[in-house]
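Below are two complexes that have chain A in common, paired first with chain B and then with chain C.
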Partner chain A sequence: MASHYDVIVIGTGLTESITAAALSKAGFTVAHIDENLYYGGDEASLDLDDLDQWAKKRSAASDKPLSSPYLQAQAEKFVSISAVASPPPHSRQYSVSLLPSLIPSTGPFIASLIASGVSRYGGYKLLERVAIYHSAGLVKNVPGSKEDVFKSKDLSLVEKRRLMRFLLFAAGDFAGSKELQGHEDAPFIDFLRTTFSLSMDVATAITYALAFCSAASDPTLPALTRIHHYLRSSGRYGNSPFLVGHYGGAGEIVQGFCRVSAVVGGVCILARNILSIKQSPPPEGHPQPTYVVELEGFDEPLTSRLIISAPDYTPFLSNGTSQDNTHSSPPPFSSRRVARGVIVIDHPIYFPFLAPPSSDSDPIVGASVSTESMITPVDTAVLVFPPSFLPDGSSTTAAHAFITGAGSMSAPVGIVNISLPLDGAGSSPPDAKAILTPYVNATMALTKRPSSGDVVSDPIFTLFYIQNQLLPSNSENEVTPPLPDLETCFTTPPISPTLSECADSAAMNAEKLFWKAVNALKGHPTHTPGQGEEIPEGQDLVEIESFWPPLETIVDDEGDESW
Partner chain B sequence: MADSASGATDKSVQVKLVLLGEAAVGKSSIVLRFVSNEFQANKEPTIGAAFLTQKCRLEDRVLRYEIWDTAGQERFHSLAPMYYRNAQAAVVVYDVTKAASLEKAKSWVKELQRQANPNIVIALAGNKVDLVQPSASTSGTTSSESEDEADDATATPEETAGGEQAESLRQVPRDEAEAYAKEAGLLFFETSAKTGEGIVEIFTEIAKKIPIEHILASTRGAGRPGAGGRPGAPDGGVTLDENAAKGKDACNC
Partner chain C sequence: MHGVKRTRQSREAEEARKLKEQAKLKDYLLLTEDLLSRKKKKDWSKEAFDLATKLLHSNPEFYTIWNYRRNILINGIFPSSSVEEINSILSSDLSLTTSALKAHPKVYWIWNHRRWCLENVPPGPSSPTGEQTQGWRQKNWEREMYVVERMLDADARNFHAWNYRRYILSLFPTPPPPTQELKYTTHKIESNFSNFSAWHQRSKILPLIWEKEGKEREEEMRELEFDLVRNALYTDPNDQSAWLYHRWLIGPHPDPILLTREITSIQELLSEQPDSKWCMESLVHYTLLLISLTPETEREEMKSECRRLLAELAGVDPCRKNRYQEISERLGV
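Showing the complex of A and B:
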């Protein structure tokens, strides 16, 4: 095995794995390292035994001063972990995603999936439904398209007209429009109410279930941009704008990107602790230093010209460089705490919709239940809990419960991932389980089929924790902050915490990292995609023109003889 | 994935087959022989191939093998669960001239029994048998599999094998490996990717053992063999690439 590489990528999260695949495909030599036994880092999909181990390691790491800097960073990131009950048998039938994600049918992530060939490896299905929690055992439908609005019986004629006007506005070219001007940073829900005169009910549905906002204070422009994107995404594969990846989504897809890297010669190394990462002076005739990475169980260190690292591995970098880098300044990102819950269910979930009373303009009053939607359980769906919708829930932030059933291949019956961003930054970690229990109960109430003799079932496995999540910077320039003095070392920037946005933001991060790496490796400062400028002679690499090179066609036997 | 329909109209059944075995035992060469019926000592490695496909006719049925190579990920514990996922067949390869490679093969069989579909059909293949057959040795030059690993990183080191020493090169007696295969419930073959000996047989014998009706039942309506692992799973899978052409400005957000 060669021990010198163009790039060593540390961490196998979504961003790192897409970057590694793209760099390998572009012809660079890549070593891809992760201390975990699995691919995916914080975006992994784990079976229940591995998830149990994941939780135990992170809750215990703070007691063990000898654990690796990576594990210590993880233990600071994931707190208040409480796994309830030991995992049920047949652990491998479950794929629990640490970062549930919806994949918009158009956008950078799906473009990378297809252009890299990774889409061939896995399976996908359309998101079936998005609904809003209404009351115990009942949900409200969310009109996600113009067709839904037409068909909706929940809305008055006036309301329909206003909603249509908004959807047309959001689908159109709103930049610079008089409606938006001056309101870009205003709370989105206020913008909907004042500018489009939408009722609180409809504005709430748009804010939390269409734009996937997490709080009433979320600003207008990003929310509007998301809706614009999703309205234009629907119809590509079906009537939902979103796809759900089989076997836990992102964590499975990551494995595809890592395989793509390996297929073109990338070296993947899992389950080895990193002992040190040092910078050695530039070799003769080279302007750039070399990085030396020592791995547990490896006689020879790995060396590279460039390092791309997940943030949790950077303690190695700031402490271990041969230069005097005593700085430990935190990365220029704000962070947010998110309460997360994983609930494994053995009874399916039903979405009994409120049926609109035939002659009543207020659907809430006539709380009768529709009959058609309760017959088939939901397989892939998002259940939204806007702020204050749950008596014991949060009054300021919205929770999203992402349901993945047997059709998503993630479980024999289903898994529910609940996420609830927390307000403020208190000093002591809040109790994840206590915070999320009302949401779990409300979700589990939907396992009871209305007007049947069923009883509400209990989860067969639960895990709760608080994740201290870095938020992406608004400034484009801060996307990949290299540590000071380490111009050939990049840490991967945070990805969006929004359910519908995280995959796309990972792909965008990866593309930026890719071009940074290409530039750094060539010593050529301003090569950007699409410009096609000249690369200086004498470089050992061919010109790289795109993030993904044209895809090879599968060697196929179509029409050939068969055995 | 041009042909992704494996439903009732199409008689061909997709079967995912994974290769396992120590580096340099000839995994990729076996596939190349089977898929292209060729063995070229200096052929470029099949870099960039996500997987290879090859039809295999069996009575009235056509199996369509989707053959996955390890891409070097068998080193450093880095084969992902995705690799084993829904594999209906596996070929575990060892090198008859290397005793240690059979031990490694046995551990791969264990790994398959732990990770893979419980109904997986496993074949054990003792490759490079041409090296231990004096008559088959053509020019006494180099070993058969050297340059043909699809994954360049696992390319076999040069290894000289004069024909006259052929039988002495054998380190794994056929009886021993066959007995192990029988005990573990594996199909067993000795093969040579160089001469083609035993190669087609691996795939046709696997085809006979594959529970085709079961696969047909479980993949009906689903686009990919990847969706076939869990019988009775609801339909509704989508194939991303199909609509790639009409997906407009997919990257502008």
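Showing the complex of A and C:
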């Protein structure tokens, strides 16, 4: 195994893995390191035993001195961890995603999935539904298309017209429009009510279930931009704008990117603690220093000209350099806390919609739509709890429960992933389990078949925790070195935590990082030809034109115009 | 460099493709010449039949060859075949044209050929007692319904498919009940109501049902139809198909109370969507209708409302300005 690389990427999270794959494919030598024994970092998908271990390692942290600064950082990030029940048997049949994510059918993430070839490694399914919790045991469908609006029995005629007007506005070119002028930062839900005269019910549905906002204060322009994106994504593969990755979503996809990197020669090292990261003076003719990374159990350190690191590993960088520690600046990002719950179910969930009015049950004309939802359970869906809709829930922020069933290949029956952003800073750390219990109960109430004598079932395993999330900033300059003198060392910026946005956010961050790395390494690549590739005569420099190089595709012979 | 090799390759591929095309064109022209001369000579052989099939593969719109091919069947192949063989030939022709339809869903001659095949399926098979059953025909009709439904799933607005569907339904000796067909149109309208054919089909089926169900039930069902179409109008006032259906529902001799109610509903829609041309146009049409049902003395207010709408229409729809002006002038008389 070589010991010198162009780039060492530390952490196998989603952003880091996409970046590593792109850099490998562009011809750079990449070593990819992670202290965990699984791929994915904070975006990993874990089976239940591994999830249990994950939780134990981070909650035991305060008891004894930690084996690594990385774990210390993780223990500060994930707090109030409590698991209920030990993992059920056949743990490997389950794949729990630490970052629940939806993949929009258009956008930077799916573009990268396809262009990198990673899409060929996995399977995907369309999200079936987004619904809003209405009251105990009932949910309301969220209309997101003209078809939904037409068929809806919950909306009056005037509400339908106004909702369509809004959807057309959002799907069109609203930048600079008179409706938007001056309202870009106003709360989105207020904008909907005043500018489009939408009722509270409809505005709530749009805000929390179409735009995936988390609070009533969320501003208009980002929410509108998201809706625009999702409206445009709908129809590419089916009725929903979103795909869900099989076998655990993001975590499974991460492995695809790591594989892509390995296929073209990238090296990946898991489960080794980092002992130190130091700088040594640049070799002759190079303006930049060499980084020296010592790993536990390795005789020789790894060296590189560039480091890309997940934030939880950056303490190594300030400790490991010979520079003054007082220069370490806090990351320029704001943060928030989010309560997360992982609930494993062994009875499927039903979405019983509000009973339709009598016209629908006319023997001749009646539509058959509503009764169907009363008997078939949902497989892959999102259940939204707007603020104040749940009596014991939050009155300021919305919770999103992401349900993945057997069809998503992540569980024999299903897993529910609940996220609830928390308001304000309390002095004492909040109790994740206590905060999320009302939501768990409301969700489990839906495991009872509607109008039947069934009893509500219990989860077979639950895990609660609070995650301190860094939030992305709006500035262009997100990718900054952690220390002023480390020009060739980058930390990955935070991903947007929103369920529908996180994947695209990671892809965009990865692309920015990729170009920064390319520019930093420019002119002196250690080019290792990929399989079958020839270096054209007279050219030993690689011109990188795009984020992903062209995929080898099978040229389709047009042939006869046969039927 | 990454990009270079591939363009060079595809330029070569382009040249190769062009050569292939030239070869294909040459073959096609030779085949056409051959077939047309055989047709002149009244060649009814199996060889000619197969050649015709081959030509139609590349050009299903060549109706002369379809005709020739059918003549081969009638004059050459059928006379020397048993009933079973005829049925089997027609069945395989139907399969052949199914694939053709997937690629060319709107070619008249393919639909035409299917009809011909259906009409020529012989009665059979014979039952044990020697009677002729409709077994083969029934089986083909059922398959045709399935094919037409797949076609309508792919393109719900393909009027060829809707016409063909009506044709098949008329063939069944025991046709499926109109209520089933109604449910089908409901299903199609719900998935996308911008579909003239689906609404049209509804307007053909409902009168059949109403005839059987009686006056009271008809009133009830009409109300449900108004409810359905009003939902479509409010969801998308720009969609003409819904307006046309509404006009059909109103009919030429509506009850004045019903008419007034619908006018009010459209006025509400117009206030929500002030630029809607169809709203204004329909209001004018219905108000004129109402005027004709109203005593002379109460007409003035409605007339001036019409004039106002027509003036606005002339602004919103300047291409038809003169038409609106003409209607307005006739009102004044």
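The criterion applied here is as follows: the second predicted complex is superposed on the first by the 512 of 563 C-alpha atoms of A that agree within 3 Å, B and C clash if a C-alpha of one lies under 4 Å from a C-alpha of the other, contacts with A are read in each partner's own complex, and residues count from 1 in each chain.
Here is the rule we use: contacts are C-beta pairs under 8 Å (C-beta built on N, C-alpha and C of every residue); 3 or more make two chains touch, one makes a residue touch a chain.
Not measured: the values here are computed from a predicted model.
Undergrad: Once the shared chain is lined up, is A:Pro301 touching chain B (first), chain C (second), both, or neither of them?
TA: neither
Undergrad: With the two structures laid over each other on chain A, which partner does A:Arg165 touch: chain B (first), chain C (second), both, or neither?
TA: second
Undergrad: A:Val149 in the overlay: touching chain B, chain C, both, or neither? Say first, second, both or neither.
TA: second
Undergrad: For A:Leu157, select first, second, both or neither according to whether it touches chain B, chain C, the two together, or no partner.
TA: Second partner only.
Undergrad: For A:Glu545, using the defined touch cut-off, is the partner it touches chain B, chain C, both, or neither? Pick first, second, both or neither.
TA: The second partner, chain C, only.
Undergrad: Chain B or chain C: which reaches more residues on chain A?
TA: Counting residues of chain A touched by each partner, the higher count goes to B.
Undergrad: Which positions of chain A sit in both the chain B and the chain C interface?
TA: 555, 558, 560, 562-563
Undergrad: Residues of chain A touching chain B in their complex?
TA: That would be residues 1, 37-39, 47, 92, 105-108, 110-111, 113-114, 117, 119-126, 128, 225, 229, 236-238, 243, 246-247, 252, 255-256, 258-260, 262-265, 267-272, 379, 405-407, 409, 412, 504, 552, 554-558, 560, 562-563 of chain A.
Undergrad: Please name which positions on chain C make contact with chain A in the complex.
TA: 1-4, 6, 13, 17, 24, 57-58, 96, 99-100, 102-103, 179, 182-183, 186, 190-193, 209, 213, 220-221, 224-225, 227-228, 230-232, 234-237, 265, 268-269, 272-273
Undergrad: Per the contact definition, I'd like the list of chain A residues that touch chain C in the complex.
TA: Residues in contact with chain C: 146-147, 149-151, 157-158, 160-162, 164-165, 359, 362, 364-365, 367-369, 536, 539, 542-545, 549-550, 555, 558, 560-563.
Undergrad: In the complex formed with chain A, which residues of chain B make contact?
TA: Result: residues 1-3, 34-35, 46-57, 62, 69, 71-73, 75-78, 80-83, 85, 115, 151-153, 200, 203-204, 222-224, 226-227, 229-230, 233-241, 243-244, 246-251, 253 of chain B touch chain A.
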